[in-house]
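Below are two complexes that have subunit A in common, paired first with subunit B and then with subunit C.
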Partner chain A sequence: MEITITNNDNAMVCAFKGRLDTPASLQASKDIQPLLDNADKEIILDCTDLEYISSSGLRILLGIRKETARKGGKVIIKNIREEIRQVFLMTGFYNLFEIQDA
Partner chain B sequence: MRLFNKKSDLMLLLRGIGVIATAAIALETTSLIQYYFSRKGLEEEATLRAEGELNKTNLEITSVVDQVETAIRNNLWSVRQELGNVDSLYKITRRIVEDNPVIIGSAIALLPEYRTARGQLLAPYSYLDGSDILSKQLGTDEYNYLRMEWFTESMATHEGHWSEPYYDAGGGEMMMTTYSYPIQDKKGNYVGVVTADLSLDWLTELVSKVQVYPGTRSTLISNRGTMMVVPDDDLVMQTTILDGAKLTGDPQAMAIGQEMLAGHSGSRKVTYSGIQRHVFYAPIPRTGWSMAIIIPSDEIFRSVKRIGLIVTLLQVLALLTLALIIQRTARNLVRYQKVADTKERIENELMIASKIQMAMLPKIFPPYPDRSDIDIFATLVPAKEVGGDLFDYFIRDERLFFCIGDVSGKGVPASLVMAVTRSLFRTVSGHEIYPARIISHMNDSMSEGNDSNMFVTFFVGVLDLATGQLRYCNAGHNTPLLLHDGTAKPIDVVPNLPLAVAGGMHFVQQEMTLPPDSSLFLYTDGLTEAEDAGHQLFGEQRLEEAAGKVTALSAHELVESIHDAVRQHVETAPQSDDLTMLCIRYQGQPDQLSDRHLILHNDIQQIPQLADFVETIAEESGLSQPVAMSLNLALEEAVTNVIVYAYPDGTDGLVDIEAILHKDRIRFIISDSGQPFDPTQVQEPDLNLPLEERPIGGLGIHLVRSIMDEVSYERTADKNILYLLKRL
Partner chain C sequence: MEDYGLDLHGTLLLEEYRKLRPALMKMKGVALSIIREDIADKNLYVTATEARVKEEQSLAGKLALKGAKYASAHDITDLLGVRVITFYSDDVEKIAAMAENLFIIDRENSVDKRKMHQLDSFGYNSLHYICRIPRRLYQDSEFPEINDIPFELQIRTSLQHVWATLYHDSGYKSGVEVPKEYLRQMNRLAGMLELADEQFCLIRSGINDYRRRVQSLVADGRLEEVALDGDTFKSYLSMRPFDALNHRIASLNQAEIQEAPLQSYLPVLKDLGLTTLGDVQQMIYDCQEDAYRLASYQLGVTDIDIITSAVALQNLCIIKILRQGGGKPGLQALFDQINGHSGSNASLAEMIYKQAETLKLI
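Then we have the complex of A and B:
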């Protein structure tokens, strides 16, 4: 799992690459700390290369979403694959996030 | 009881009266016919007897008459020789009286030419006076016999003549009749008559002694109708039969008088003095007399009257008895009718009960036509309309739950307990997967308030259809047979107590694996205890022999052939107990493609191995990428749960993941030896909650449920086992 966070003007862009499974989520929860620190901004989660996500990964996304809601920021999810979209749908996350397709 | 509580009662009574009336008519008709013929017979008999008496009396009279006539004729020659000799004539008359005891007097009366010396008519006469024989000259100046009938008739006809009876004032001084015969002298001139007197006392005696029946009277009349013997005291003063007949006032009596005078014989009925009499009459030809025998009719028919009375009494008795019998029968019929009505109602209700009961049991065979791994057939033949046997089965989470049972006793009570048992089985096994626990719960529930002391032998099995693993618990029921490869053997069972004997009992559960193409044959004791006419039981041995021959057959064929074997044994003997058979044929999983294992330590870092595991399976079976990913996700969530919850921090353990791939589905069995944790009990998250309220946990099991088609958990042998199934 590779997480790349880029700080653009008013938005934080976070690109996921690989599988966000349970062990990966342990590391990822630390890696996304800058996002939580900038939760007052717009945060773009780029899922173009996100191959897999489990409930622990979803929990990380939920944590970011809650933090932005608290600090006045915004989360946009971009370019999720069909399989991931299905998982979002199954869990009701689809309605929690603003999802933008490519 | 009211007399007629129904129209049918009245009908019965009327029918009873009809029967009695018919019987009475039949009896009376028979009696009347019998009476008629009896009377006729008796009349004929009376006629015969009367005629016999008439003949006999006739003979006796004729014999006497003969004696008299012969005596006279025998002396005719002497008289002719001695016509001029008066002394000799006296001697002749004397000798006639002497020689013939029936002759009380005899005279030789001559014409006036033979006058005596003193000019008197010459008529020497001898007669009995007591025991002496006296003689005298009959002709006197006062007694001119020339005009007497006994003289004139014979002289006129030149033949012997019997006179009318008369009171002899001139000679015998008694009622008599006289026979006279003409005398011819040597030239052939008729010169007088020889006579013989016959006492009518003697005749009276002879005729009166005729006693055909009690009260019989007889009469004898002369040829002019003078009654020589008087038949009735009332008629003593009547001189002729016609006078007497006139006195009776019955025209029949007149007819009889005329018939008798005409010299006819016959019989007639006459009524006088208020009494009917039979009169039989016949002439006495030699004398021109006629005799009649008079018999009171009652005397003739006395016997038939007595018999008639007895017969009538007997008939009345018989009719009364018949009436009594009919009344009883009718009452019984009414009672039987009521019993029959009640019986019919109960039978109807039992039939309905039987239908309800049968409706509780599975009855569509084969029950799972789309499944290739399992084949089931069952039959229940109740001995009475409703029975206490039961069986049931259903599939839940790829496990076949089945049971068979036999309630103690028969009939309605047993069927009620049966219904309760079946219902409890469904309820309890809906959320339990261990047979021992199912039975234990059922037992506790059924033991509570079991006042009737009925119990149920019960066998519960749970068959894992994927693996053939069978868990079972036997509560005192007949041991099922395992049929495989040409042998039928009882499976190993711990008997345990039957259900409902006592609450809180411990039941031992057992386990075995059914090989593919084997059958489990379950039955109730109605099968092994089926008796033939000689009370020989079918028995376990015959069952095992019969079952051993048919191990390769389908469940239906197998049950039918064992049923046939029982029928052959029993033949025509009545079925004494419910007979239930349940056959579960396990055919294994012929479509099982692969079976893979992955064993992980309880370390989150090992989770990625699941991805490789799923990828391998997906490649092998050509699963699509999205499906593979979803399976991976479900496995990861399930295994993560195990690692997090079953193995708390610091403990070490393994997680076993088995993947079984079929053509149409894939199954995962995830087991661990950690502390009990049932993920299926975790509450479903509410996906519609607003962001702030969304909990962090609970998503994992939700994903598992969403992805998989069936999820079930069991805890057994200190292991948590989670079964996952995904249809492809």
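Then we have the complex of A and C:
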């Protein structure tokens, strides 16, 4: 799992590449720290190359959402694949995140 | 220093004011923050809290007219003016009670203008308290006089404030004597605004009574008597009507349940033709088995152990839509409603529809 974070003017953009599964989540939770530190901004999670997400991955996204809610920021998920969108729907996460198409 | 042509007594009072001015400026911030904090602590909502230190020119004008009645600047009670403007006239009393607890009130010099009118007269309505800041609330070694200088606290409603401001501009301060007919018109307006203030309070009480009545009906389970709207749905959600189904779904994978907002489902429920909370309850009874089967089909083959509290209601709505013959367009409209319009919602609707066919839910 590769996580690339870029700090744009008013938004943090985080690109996920690979599988956000349980083994990858431990490192991922450390890698996303800059997002939590900037949770007062708009955070864009670019999931174009995200191949899979497990419960641990969902928890990481939830943690980002909670921090932005606390600090007044906002999370937008972009370009998620069909299979991951289905996971969001059946877990009810579809009701929690703003998901935008490409 | 500007010469205002005051007599010796007035000039000495003005000099005393100049020395007090730094303390007054400090006091302005202190008094405002004491009031604002207490308003926030008591969950009161007001239109504005504001304060001003009397300008030197304005004070000079006052001293020229009636300087002789003041022995010292401490006798001038409006060097600092603080104002709280409320939405409702009921809240004037609440702010007054709050001020009585916070400050030392000089009752002899405080005025309730609301009680000064005769039965047949209308006009300026405002509560003026002359206050001092007690040492238990604030002490400052640099400005010890802060606890001794009185300030005027005005408490009035927004409508009283509008009237007073316009009256001040058009009559009292314009420098031209206003003909009686216009004063009469201003006072007629004061009477009208007094009625409006009363009416706003009655409306607020009515709404609060309605909410309490609805909460009581919900608590008593008389849901069929309660119309489905934003307020009633919120009360209903506080009873956590979807918990049982959520827990049942969560138990499929021993999943944890994260809270999700459900208020966005209100328009969905209305579109489904539900008009009372009883209808929502009936939907739970009628659709919960199929909603559970759908969740079981989706989650049972995964090891996902986290869901949100929206799953139950989401699946109930899916089943209700399918039973009403809404088909794929109905499902797509549901997904558009809960996550915004997206081209991908059509394929999600397609997927759910196929699952429903497999499970023979249609």
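Basically, the second predicted complex is superposed on the first by the 102 of 102 C-alpha atoms of A that agree within 3 Å, B and C clash if a C-alpha of one lies under 4 Å from a C-alpha of the other, contacts with A are read in each partner's own complex, and residues count from 1 in each chain.
Simple rule for what comes next: a residue touches a chain if its C-beta (ideal position, glycine included) is under 8 Å from a C-beta of that chain, and two chains touch if they have at least 3 such contacts.
Computed from a prediction, not measured in an experiment: that's the story for all the values here.
Aligning the two structures on subunit A places subunit B and subunit C in clashing positions. In the overlay built on the shared chain, the residue A:Leu62 is in contact with subunit B and with subunit C. By the touch criterion defined above, A:Asp21 reaches subunit B but does not reach subunit C.
Using the contact criterion defined above for the overlaid structures, shared-chain residue A:Glu98 touches subunit C, although it does not reach subunit B.
When the two complexes are overlaid on their common chain A, residue A:Ile5 makes contact with neither subunit B nor subunit C. Using the contact criterion defined above for the overlaid structures, shared-chain residue A:Val87 touches subunit B and also reaches subunit C. When the two structures are aligned on the shared chain, A:Val13 is found in touch with neither subunit B nor subunit C.
By the touch criterion defined above, A:Ile76 reaches neither subunit B nor subunit C. With the contact threshold set out at the top, residues 54-55, 58-59, 62, 82, 86-87, 90-92, 96 of subunit A are in contact with subunit B in one structure and with subunit C in the other.
Put simply, subunit B touches subunit A in their complex at residues 604-605, 607-608, 611, 625-626, 629-630, 632-633, 636-637, 640, 687-688, 691-692, 694, 696, 699-700, 702-703, 706-707. By the touch rule above, subunit C contacts subunit A in their complex via residues 255, 258, 260-262, 264, 295, 298-299, 303-311, 314, 335, 338-340, 342-344, 347-348, 351-352. Of all the residues in subunit A, the ones that touch subunit C in their complex are 54-55, 58-59, 62, 82, 85-87, 89-101.
By the touch criterion stated above, subunit A contacts subunit B in their complex at residues 19, 21-23, 26, 52, 54-56, 58-59, 62-63, 65-66, 69, 82-83, 86-87, 90-92, 96.
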